[in-house]
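Per-chain residue numbering starts at 1, and chain names A, B and C are given in the order in which the chains are listed.
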Amino acid sequence: MAVGDLALLVATIMGVYSLLAIGLNMHWGDTGLLNFAHAAFFAIGAYTSAILTTPPETGLLANRTVGASYPIFVGLLAGATLAAAAGVLIAVTSVRLEGDYLAMVTLSFAELIRLVIHNEGWLTSGAQSLKGIERPLEGSVPIRYDLFYFLLVLGVVAGSYLLFRRLAGSPFGRVLHAVREDEEVPLALGKDTTWFKLKSFGLGAAIAGLAGGLWAHYVYAITPNMFLPSLTFTIWAAVIIGGAGSYLGAIVGTAFIVGIRQVTRFVPSDVPFASDLPYIRLVVIGVLLIAVLYYRPYGLLGDEERMLAGSEEGAD
Amino acid sequence: MTDPILRAEGLRKSFGGLLAVDDATFEVEEGTIAGLIGPNGAGKSTTFNLLSGFYGADAGEVIFEGEHVEGLSPDERAQRGMIRTFQITRELTGMKVMANMLLAAQDHPGETVVGALANTGSVESREEQARERAEDLLKFLELWELREEYAGNLSGGQRKLLELGRALMADPDLLLLDEPMAGVNPDLTDRLLSRIDDLQSEEGMTFVIVEHDMDVIMSVSDKIIGMHNGQVLSVGTPEEVKSDEKMLEAYLGGSV
Amino acid sequence: MAGFDPQFVMAAFDPQFLWNGLVVGSIIAVAALGLTLIFGILNFINIAYGDYMAVGAYFAFAANTQYDLPIVVAALIGMVVMAVGALVVDKLVFERFRSRSAIVLLVVSIGVAFVLRNLIRIVWGTGSRRFSGPIEAAPQFFGIRVLPDQVAIVVISVAILGGTYLLLRRTRIGIAMRAASDDTDLARIRGIDTERLVTYVWLVGGAIAGIAGILLGLDAQIRPNMGFTALIPIFAAVILGGIGDPIGAVAGGYAIGITQELSVVVIPTEYKPAIGLLLLIIGLLSKPEGIFGEATR
């Protein structure tokens, strides 16, 4: 592959993962919710859109017996909607839990969802890959397809960025921020904080679901192993390194993390440790995450003044 | 005296084996200031939490503006016009002073997702209206210059004022103030008291105030509710409660 | 359809499941004991705990197969390495975050987990490994197939649990640990040096994590993510038993192991892992007062 093709591929992955980070930033950065089920929302979006747009398998070895041929935009929309519904459903049971316990419950739900995807082959192809997922407008765009898809993803990222930033800066976002700071205060001022948390969860999950759909229609084939908890953790690292609470930070953080992960594609295979590079870069991400939390808790683009306000360093 | 705006009937709450509030019954008349006093551990803060819905009562009723509210959540009680402050200030440290104030605006159409995204004229005008009210209150509380400061950077006294301002922003019918003067400088205390007086006489707002400074609470209140060991020991005018021997004993006993 | 898939056929009850459950439960119980000790005193969810288990297993594996040491000696090496390792990780990382919130520490532990798991992959590769040992026949008792490894797991876990019980009951440091687990501040008032306690907790908890990983590797295979994938039932045992309660965690561990293995009677085998997930969810959702109150933090 030429370097230009690789660059487009990496940029598209950055775009899709940026959408995940935008959703997680609404959960964690704006509302203070520890959502560890993000990979599951991503998976729900991917599988929903894939199943709705890809006919069932045929032949003797057919595994998946369910499928349809709806237009891709229907699949994307349904994927985002179903991911949002799953997010709200999980949140209904759990958002009253204290932060770190919410993390464990959401992580468990995510694994449960992955277990279902893995085991229900008639619906999802199970452990094998769900193949032959159609690409939108393939063959009918006047520019290179990779470039077209990148521009499509870029457009969705830009739109989502503007939308979520607008939400965060609105009176709605103000209540979310108040929930993040101290939930009892908005409660005492007449805000139904549980309802606001559900909305936050649903919105962030919806964008993750949309990201899943865009992922599925880009990669042709999806497997349950694309949606491991380590993906959730990677997006967490991106949001924290970028600066929790900043949507631009979420995108920059993702570009940074994906960049570290994908840069090895450009490294020739005859350098020392080349075969270990995939793992070395994950070690680097882990070290970076810890270092940022220690030296720069507000991340690359977070609001230092806000983070320090009220803490020991910030008090005069 | 007018009708009671608030009635507590047989309120009871225990934590583990400890009875924090024991069969508390009292009324607060509309448009008056009631002082809730008692030695430490008398159950004043627990009573506040029961009235505002932050604790569920083991038994008893809370009637606010003629409606039973004991089964309602804190936000539902607040929406009906009963707003409380906290003894230990709960300023939202990572939000600016102005945002703290605006948060309290009631019935804001911009707090729905659609309203926030569409940003219609009604959202803008509600926001503008809230800003004007916040400006008035912040200027009065001498916090206007600090409006773009993070609340976490305010001094203790300023945080108390911000919390009071935020509660007033919600335009309550009944305001439950938990030690509003603690840590506020004496000049401002006088101005706060006269403001509370104005709100009561001009807007007919009702107050229940927990305060340790006896001179202050006795001078400002129309009615005193004296608590001890979770029970309402004495109810009456400041003069009556001051001369009630049971109350005197409670305080003397409490200080040993 | 699902009903025609032979994989989805449910099994009838068989005492074999009970024995398997006891074996799995033994592993979860030991792992949960170490985790609850650490959790009770450090007060944060350590996501890297599963990777501590893996590190213990891999060091034992290296001693066993690469240096041809007997499995018992190798296991001791794995325990010691992880005991010291847990302390080193604390000194390098967690100690610097002591004043930060439980949530920050949780995220920090994710970073630690990333580092440990991928260091394992770099050093030992991604494939699955096994301890070397003779492949022995599996004798049958009353129709139950009992592997020698399984007997070892059950016996060793009882020994570990008993030893830890004595440590917590009979030694000054153990008693102090229990006091601190009940209330960290109280322990400080009573004059217990909490930082010294923390040192002992990492040593003991790390050693237990190491042996738990070795037992897990003995039962199944040694893989880089073996600990992480086992983490959820272990957390479920800790939560069900009450955080910081060693006896509760052990009871929870056996209960989860046996429930999980017996579950195949009523649900398809493929959904066995769902038991741990569901128990964790149910445990967290059903105990909001006891576990989530401010007092326990």
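Keep this in mind: contacts are C-beta pairs under 8 Å (C-beta built on N, C-alpha and C of every residue); 3 or more make two chains touch, one makes a residue touch a chain.
Computed from a prediction, not measured in an experiment: that's the story for all the values here.
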| item | value |
| --- | --- |
| Chain nearest the overall Cα centroid | A |
| From chain A, the most remote chain by mean C-alpha position | B |
| Distance from chain C to chain B - Cα centre to Cα centre, in angstrom | 49 |
| Centroid distance [mean C-alpha coordinates] between chain C and chain A, Å | 30 |
| Where chain A and chain B are represented by their mean Cα positions, the distance between them in whole Å | 42 |
| Where chain B touches two or more other chains at once, by residue number | none |
| Touching residues (chain side chain A, partner chain B) in the complex | 163, 166-167, 170-175, 177-178, 180-182, 184-193, 199, 203, 305-311, 314-316 |
| Contacting residues of chain C [partner chain A, same complex] | 1-2, 5, 44-45, 93, 96-97, 102-104, 106-108, 110-115, 117-119, 121-122, 228, 232, 235, 239, 268, 270-271, 273-274, 277-278, 280-281, 284-285, 288, 291-292, 297 |
| Interface residues, chain A side, partner chain C - complex | 34, 65, 93-94, 96-101, 103-105, 107-109, 111-112, 115, 118-122, 229-230, 233, 236-237, 240, 276, 279-280, 282-283, 285-290, 293-294, 297 |
| Complex interface listing, chain B residues touching chain A | 52, 54, 73-76, 78-79, 83-86, 90-95, 99, 102-106, 108, 110-113, 115-117, 119, 123, 127, 150-153, 166-167, 170 |
